[in-house]
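Take a look at these structures.
Across the two complexes that follow, chain A remains constant while its partner is chain B and subsequently chain C.
On to the complex of A and B.
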């Protein structure tokens, strides 16, 4: 088990190192930030001073080494635009994205897996057919359109829920959160639904496919032959046997939604990380983009690492490194 | 003979598929006395497994029991509710399968799986459950059983996994065990060990067994009587030794002739020519007729079961008998 953890950890470090090179080189290739940072009417002298201060006159590999040196000390640079440390900038926006994404991904998983198991367990009932029809919708309707419809319907027409913003927040550990207040929660509902629909559809499909497959196996037949009730079979056998792909998708969805909730955050004016990044790209705020992509890579590497650990915890075959 | 623990009459189980009605089991009858082992043999696809599942009320959709009666310990099973059936499964009748790798849940320990099977029918303390599990594993021949309760299926060999499955199936000392080719996937030597143990267990616990196999050699060493199945029906039944020495149905004779022990050294095995008819569209008359060297015009009608003493056969021209005209 320890060997397994060390091996996965080294893999993660390697991936991160490779990612940092790719991100740094890639961002460098897409444009020169000097024109954005320096006003057009600046003198040649100021121009050169600024370039020197930002280190933009050094060769690329030197810039990279300096960047990595700072990175290892927890310094991701300062935003060209806001002129504050990038980590502070992103950290200030992260809680908003975090609470929105966690709420939507977790509810989508709990609800989707339950509905999916039902649909897989009773594939021919009309309830299951309705569930599957809804999941097809969840897959095929574009997210921005759903967002607009949600606003139009629940915020504008019915006036039940607010159309945007975070609402009242509460400070916990020096960070503002919306979910503990009723007003904040009411602001989360619509964007969370918007983010959740696709994931809900995916979880339904995944759980249904797993359930249909597992219910036909000898494991379930043997459990039935031993007199286990259907409830026990679903809870003790099925849930474990379908969990591996569900955990994988849960982790990856969590990561990709944290990183790329841009559309929903824009539509619902949710002041999260996605909106920050879109703005940074528009003005070529290079340190923010680099830091963000590095953090996203770090997020995915961490999530994959955690998924592997969870597999090892729940599946003895992984834990023991067995083939079958 | 005392009252049978299991009595099956005219059992028919059909699958209502898109391609039509598939008559997997078509009028099967037999009795099983306490502790008796009956071998159910026949080629693959003849309906043995579906017969086994029918006995437990576990036929998958689109199949269902369309006719017949199954009496277990004096209770008619075919009219019971699902809850009443469940209460009997594992306690009065249980089943083991061919592939021990697929039957056990790879993600639960052996001890957890035994506990689930105990809890299905009884309330016992964890300590009592553990004692019971240990005793049972020892009984089916698993060494250092107490320590192995915490092990997962993949830590066992195929033979050991099948022993665990057998232990789970016998947990509540059922009256009947349906064993669906449980040794087919195992090595010959392990197969022999398990067969010997099962015979002892049946004697000790009084559990009667329906031992399903496509291999006549395997069941004949174990079963005191045999039922030969062909295309969803039993075509011949009787005490093992006499049925093997003196088969009446041409299909039984063919099965015996194709046993490896019957072939001359170096000569090819005597397989029965042709293959099982489609159960979707059974031919008129005797279903074995297209493959039968004894077929006559009469065989275009369906032969009834002839009963003589403890022997039964379904054939117009039984071997080793003077042909009997149907009544």
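On to the complex of A and C.
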């Protein structure tokens, strides 16, 4: 087990190193940040000073090494636009995104798994067919358009819910959160539905496919023969057996939802990290872009690593057999 | 009629049994035709600035504009007839979707089959990269690529390809790996046929069914992804609006109740994507040996 962990850990570190090179090199290739930072009427002297201060006159590999050195000390540079440390900038926006993502993914999982099990348990009932039809829509309709329609219906036409922003927030340990206040909660509802819809569709499909397969296995036949009630079979056996793919997808989706939040946050002007990165791309705020991408890459690598470990714990075949 | 004379006819006979899929296919074909003949069927050329009048902008559906004809779906902020703009936008969306789909198909298949055929280090290298990329969501990759490449049609297609080729590579690799181990490939390799010929004549044709399925889904995804990027303002330039751009243009006016500017292009987009997906689903079911009666 320890060997397995070490191997996976080294792999993760390698991937992170590769990602940092790709991201740094890629971002470096676009535009000249000097044009953004320095006003066009600045004198040549100021120009050169700024270039020197930002370290832009050094060769690329040297810039990369300085960047990595700072990174390992927890310093990701300063935003060109806001002129504050990038980490502070992203950290300030992160709670808004986390709050939105967690609420969406958790509700999508709970609801999606229950609906999916039902649809798999009674595949021919009309309720199941409706559930599946909804899941097809959730998959194919682009999420930004769903967001628009939600705003049109619930904010513009009915006027029930606000169309954007975070509403009132409460400070808990120095961090502002929306969900504890009624106003904040009403602001979360629409973006959370928007963000959750795709996950919901995916969870329904996963749970349904798993349920259909497992209900036909000998495990279930024997459990029935042993006189267990259907409810016990579903709770005790089925749920355990379909949990592996669901845990995987839950983990992966947590990460990809953070990425997808870019779209939802833009539509609902939710002041999270996603909106920050879109704004930064528009003005080529290089340090923010690099930091965001590195953090996202780090997040994904960590999630994959954790999923591998959880797998190894649940499924002994993984840790003994293929240590590929 | 004697059934099952050619594989294609057999395929069609089976396809025809699913009425929904046939209808979806008809919708897809109709939309492609509308896009092809946009200049003929549209009441107005939305790219010709001389045709546009700001007097006509943001008018509701059914408004009779200065051109003397009825704007069935209303007009957009630039005074374009929305129906015409949708036809032209459809053209751009389909173009981008097909271009991105085919380039990804080519690159991905080449990589996947090369990896499966050669094996060894090259296989490990290619597939590691592909797996690594697959662990990142496509929207994020596309976003980064657009940021890196800049705006324009070719750049957008490039970004979509970078975000999507990995799906083809994975599929082609899976299929080719399974075929590679079968006796007929070994037998073909034992003959004096060149390896290249075996790949082209035997390996590749037997890997096509799953690739066709992935291609339909990915074309729909490309169209949807392009619309999303355009909506975020990272897609195409404003002069030739795709469906996503039209929706984006109408978004600010939605709050004041001028819903049609965003909603109708969105409806067109969704009909297109859902129709392609329904056709793709049916094709997948037909290719799936486990569902064979």
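A few notes on this one:
In the analysis below, the second predicted complex is superposed on the first by the 313 of 324 C-alpha atoms of A that agree within 3 Å, B and C clash if a C-alpha of one lies under 4 Å from a C-alpha of the other, contacts with A are read in each partner's own complex, and residues count from 1 in each chain.
In this text, a contact is a pair of C-beta atoms (placed from the backbone, for glycine too) under 8 Å apart; a residue touches a chain by one contact, two chains touch by 3 or more.
Remember, predicted model here, so these are calculated numbers, not experimental data.
Partners chain B and chain C fit side by side in the overlay (superposition on chain A). Once the two complexes are overlaid on the shared chain, A:310 sits clear of chain B and of chain C alike. Contact with chain B, but none with chain C, is seen for A:229 once the two complexes are overlaid on the shared chain.
Between the C-alpha centres of chain B and chain C, as seen from that of chain A in the superposed arrangement, lies an angle of 80 degrees, given as a multiple of 10. By the touch criterion stated above, A:27 is placed in contact with chain C alone, chain B being left untouched. By the touch criterion defined above, A:237 lies against chain B but remains apart from chain C after alignment on the C-alpha atoms of chain A.
By the touch criterion defined above, A:219 lies against chain B but remains apart from chain C after alignment on the C-alpha atoms of chain A. Contact with neither chain B nor chain C is seen for A:283 once the two complexes are overlaid on the shared chain. The partner of chain A that touches more of its residues, comparing chain B with chain C, is C.
Following the chain A superposition, chain B and chain C show a smallest Cα-Cα distance of 9 angstrom. The residues of chain A shared by its contacts with chain B and with chain C come to none at all.
The part of chain C that touches chain A in the complex is made up of residues 132, 135-137, 139-140, 143-144, 146-148, 150, 220, 224, 227-228, 231-234, 247, 251, 254-255, 257, 259, 262-263, 266, 269-270, 273-274, 277. Contact residues of chain A toward chain C in the complex are 15, 26-27, 29-30, 136-137, 139-145, 148-149, 151-152, 155-156, 163, 252, 255-256, 259-260, 262-263, 266-267, 277-278, 281-282, 289, 293, 296-297, 300, 304. Interface of chain A with chain B (complex): residues 216-219, 221-229, 232, 236-237, 240-241, 314-317, 320, 322, 324.
Every residue of chain B that touches chain A in the complex is listed here, in rising order: 53, 56, 58, 60, 86-91, 94-97, 99, 101-109, 116-117, 119-121, 152, 154-155, 165, 168-169, 171-172.
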